[in-house]
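Each chain carries a letter (A, B, C and D) given by its place in the written order, and its residues are counted from 1.
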């Protein structure tokens, strides 16, 4: 496997980056608003086509019945592959619904940074190396700063950009610090090495597991800001309120997906050392996040601020899936001696991924609808402005109601299937056959009850939006000229949600397979690790320290 | 004749079918087609039904002797129309049922089914009641043609009457406690509709509601009784039925159980059952605790009062107790209570009737009093007493209907005025009504040749005999029946007094008429029934008493057969009772004449002298006020309080829980204060806390 | 293509409403005429199909053993087999659900007729929501798979939320939201209870099945291995949270009067007629068979709550000034009767209870229909504003008296059939239990029978107050829909157009209900025989558990009385 | 110094730098200083990374450091661009100006300005003027107050 193949693997990202560059440069020089949106879509489509080529690479891979293969820092596995498709989907929805700050349409830089974002997300999905992970995260963060700065020229927009910028730097600092510890333990930036070290026989008896836990914890903290978990959620309400609906849509989807995928990669690699900390941390965070998100959302009058809190709440539900995944011992962990039924071991992760997909689509749809109902220069702010929309724009109102009911988790919509998968997996940890110590710990039953009650609380504020639209008489028609793009995006998202509601089979299967490959740490890198050459002057450049040798 | 009872079965079904058919035809064709001729279907239907009933009476008379002894023959007398419910193995076989089954050589199964078939049976008791009900209804229907002439919803009245007669006939015919309860309430519903016939009159609507609710209270007791019977005897059917798993399930009043008195559960359970049945009977026959609805029921049109609240419905209670004689036989205490209730009601009603000024109210209280007499008769528990009660029921039906119809024709003549203070001396203007009314009064008071004397005398005799005979094994310390005998005599005096007071006030004295009215004799459609009823009121007592056919015929009905066989002793001479009662009645009439003929001054002085008693009696012993004070009032207040509890306490609690998340939100809101650096600080602290967890796990 | 096997008919009955709703949305031209005709045709067709299936149901459960007691069973995989989860679309009727299934079709047909002229704004949405609600209701009763049951159970919330919220009366927004959240909170807990049951079965038998018959068999005392008592109690509590709110059991009923007073006529008819039965159906379908020991353990408490509901509902109804609110509280009382019957666990009481649930649907459905008609004419629900309407609208008075008699349980009509059976069954239960518990049950039985009297009181008070007595109409209103009335001039207000009596359409809405009321009243056996086997199967375990508790308690009392060292009683181990 | 001691020192220095950066970010009100302290955190991480790399005798860590520096550069560019627009808008780099987006029932956070330690104006007792006034030169008078 030569570096050529790793470049070839990154082809879709390259196409996106190249299109972004063309848009940036073209935009800089041409005065009028060029066909940047169409170009953006074209770039995404091309990248999709190339990604489809990878399908063949999989066939070859699957003949040797390997789940995944790594080529240097880049890996080729189902989680990465499906996550890339998700990234492209999200990208299309975002590019469609982004509107400029005035009638002339979106600035080229906004489209360009969106493309870069998507490229960063795809990179994060396929990265297998700490460096590349860091690069991918930054490739997502930096265009986000540009996007937020350009989204709304008002003081509020700038304040939002400012807040996101500083808190994002803080979080990437934390992530990096976590990476440094992981690197310290693994001895190499490859995740596979981290896993082989962590899973090593003697490893458990040294002080290194503490370091691994510290590293993972810092990574969780860093990524927490992206997924909007409680202690790091503070930016979300203010930034969502400040920016335009399209930017808020991007914030609610892309960083969340990236954060979850990177977290899965790192956690899979560092899993043997995590022990109880892993799922207890996740459970604790999920309970606090859910409750705070739902409870504060009840107070909000601004629509986007309300949706921010709802995104925090949904992050809480996600964590339950991850907690279940970390709680149920992986079958490959030697010595756990617990027969684990095939489906359930990895099912927590699949439930979380499926929930993530359903949430992203519904959230993007919601923001597209709100974008459509407002004017480019003055987006729709308070819930009461939604009054009477059902009579003036029945289609959009119906779509918005659909998204609200799906987010609230009401059957028969997709949100319900997401919550069902989460809850049934969570309960199966305590009640099902794989119950580790049945009857002793009822953590997951308690959390399920809290999650279910939170769903009921969330229904309250989703109902407020639906109530405003359908029950209140209309005063002052909302100037719904968000443009064709937002309407298309809403329609597309609605179709996706209805599709997943009526026949959730394929989506569920996809998330299952992705979870299958994501849970297993990637195989060791094919290429030999870069080794510093022995210093010419005959002295071993560095006496290999006694500690790490012992641990090898 | 291959099947001796074949035509009994056809007649039996025909009796209720005709009024039902008439009612349906009137209801469907009434408003548009028949309009003023809407009475024809019902009158015809009732007439035919009366004839069929009489034919049925004749048939039963012919076969009753051998039906009583040959159970298989009696069984063929049943007609099963359809199966109401049939739920298999519902109740574990109770001991009483098991014992009866052994007697009938069938092995008792572990679980009994709950089978209820709509079965009609006929025996002398039923035949008697049928003929009385249908005949009186027929006469009242004819009378109503005149009385209700020109009413806006003429057809509706006749439809209701048809429905009522159907329900009453079915009540008497059915052979199952549950169906008895069904038609018990159906009759109550018809009385509700008929009392509230002029629904625009608020008093009528309220009276209808009151009647139904008081009946419902009675039915509450009746239902409890039925459940208890079902639990103890395993079945609700009167007659014996065959189980699906083979073998015979002996009915509560079936041949098997009647044959051997020991099969009836004695003791506390029997008393409980009988007392509950008594509550039902009191509700329906307006006895002491539940009698308040009958006087108000006079708001309905007078034919209704005559038909329902004199002759037929109110006697349902008496019929039920007679039907359940074996049950009552098992608990002497219950029979004693029946007697006491009867005696007490008779006395109280008579006292109230004395001072009433409204003619219909007087007749209503008189009905309650006479029903009290019947209950008293049944309470003696002897065959003599029971047949006396039934005999009184029969005669009472005729003369009370006569009196009510008489009052009706007075109202008809005077344009709806019935208050005795506003008119008098109608004898010249309404001779027929006057004389028929007089005959009715004589019968009611119990003067010698008239019907009332014979039946009331029988009851007094039965009570007298019961007072002196010591029933084996049961001797109550307090001479109850002694006291009841003297109460009965006192009531007879009062009855005579208020009857003739009403007659003298209405028909004698100077002719005085309310302003707008111009009195005239009622049309012959009204006077004809009066005349017929008068003839019956005069003659029936004598005819039945002479041939003593009545006792023997009644004794052949299964429920009473055992009792009759048991008491074969010669009927003691009751001459002294007859003499005493006649003397008392004559004194009553004399006093009434003294006070109310000629100028009526002495009565005012007497009223002044007995002021408290007069006030009590005039105010109907304050029953309504007491009930409002003790029951209706508190319940309304409780209802209001509960509605407040519901709106504030429970709803408040629910809203409180609803607001919990919002309060939690309010607590957490200040964390989001907008300053970038406080966020950074909070994140830093959050991360430190997370690191803290490292130490724990 | 149209096949007439029960399976196809059942599927068609579920699909028709959705097709109808789709058609209405497509052909929507803003005017009510087209929408309501499509709705009428759809509901009529659904009623015919549903009726056909219901009446094909074999009496006494003959030859239903093969399909696990389900009739017209269709079992297809829905979400495919994903990581061990086998969610199936299995739909079929059994004794418990066949009459509720038919009842919802019947009431929906009446509702369309009811709201023919009273719906003016957005008629297309109204009728399509009504049809979606119909599909949801029928789906709940036909579901044989727990998840499908729960999906339909919640799916009925959305249309009703909009029905109350958009076409309701003055305080509709609050009422709709309270109704939605109150019921949702309860039902999410039920969701948890149901999933726990599935997983416990999974841990025992290893196959993750959601099908109801399999689960009841696996967790039932006979054959399967029942759950330990403490787990059963937890599951009973979770399931009761949702179902108790739906049946408004006593303390959780405060949403019902509010929802009823604010809902439009069609909404409150369906809400009272069918949606309250979801709770009763849920108890009979899940609580009793799956947690028999827990039911036995909680029996006295449940009976006390039911009887409290009866008396409390009746009394509070007495103090109401708003007609619909009064009937709502009467529903609380009636459902108290049904639950009393269900929890008495004797065969008679259980069949009486479920029959009474069907009866309540018919009689209260009729009553709310009439309330709707009064509201169409006088735009008020205040009892004090109305009086002597029989003078103005005799036909409406006739139907009102008829439905009142049916609801207070007048013999000969359906109310009596159900009530008598369930009270007899309760009596049997009370008199069969010896020991201290018996006295409590006896008191409950007597109180329940007294509920019948209270029931008659407030209903007759309402009828007398509104329909009889002198004519009194709210001033200024009383304008009928017809421009002129052929009944002749109006006495007091010659210039005001007269209020019209029931039109043929309105009578057509009420007559089917009356027909069934008579049928159940005169021959309940036809209906009971269909319900009997399934009910017996559902309640038998709980009854046996109660019997076992009784014998144990009796034994304990025995040993407590004479504690001589008797032969150690070998505690029979549960299988 | 053996390898382990060297590593520990490097990690301690890195941690210290990280801590200082974090405190700086949270404490200083000037936005540019905040950005600088954020960069300081990244430097802290770089130091510890180099330590580990040296310890493991592996290039990976240092490779990561180089990427960190590159990324830090991009962030600096964007940070300054953003700060320029913010300064143009509000005329000051104080971060407390930017707190309009918050929960709507909370008052804005106002820093309590520590008052400058001004020595209050000396005032001498003024006698009622008697006799002829001293000739006062305005210029000198003005100068005197500033002493």
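Following the convention adopted for this analysis, a contact is a pair of C-beta atoms (placed from the backbone, for glycine too) under 8 Å apart; a residue touches a chain by one contact, two chains touch by 3 or more.
These numbers were taken from a predicted model, which means no experiment stands behind them.
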Pair joined by more contacting C-beta pairs (A-B or B-D): A-B
Separation of chain C from chain D, taking each centre as the mean of its C-alpha atoms, in whole Å: 70
Chain A-chain B separation of Cα centroids, rounded to whole Å: 80
Distance between chain centroids, defined by C-alpha means - chain B, chain D (Å): 100
Rounded Å distance between chain A and chain D, as computed from the means of their C-alpha atoms: 34
Shared-contact residues (touching 2 or more other chains) in chain D: 22, 25, 34, 95, 98-103
Per-residue overlap in chain C, given as positions that touch at least 2 other chains: 181
Two or more partner chains touched - positions in chain A: 162-163, 166, 170, 237-238, 299, 460
Pairs of chains in contact (touch as defined earlier), listed by label: A-B, A-C, A-D, B-C, B-D
Touch list for chain B against partner chain D, complex: 669-670, 672-678, 680-681, 684
Residue ranges of chain A in contact with chain B within the complex: 162-163, 166-167, 170-171, 174, 210, 213-214, 217-218, 220-221, 225, 230-232, 234-235, 237-238, 275-277, 280-281, 284, 291-292, 294-299, 457, 460
Chain A-facing residues of chain B, complex: 661-662, 664-666, 668-669, 671-672, 674, 676, 679-680, 682-687, 689-691, 693-694, 697
Complex interface listing, chain A residues touching chain C: 341-344, 346-347, 350, 391, 405, 410-412, 416-417, 420-421, 423-424, 427-428, 431-433, 435, 445, 448-449, 452-453, 455-456, 459-460, 463, 467, 470-472, 503-505, 508-509, 512
Complex contacts: residues of chain D adjacent to chain B: 22, 25-27, 29, 34, 95-96, 98-103, 105-106, 108-109
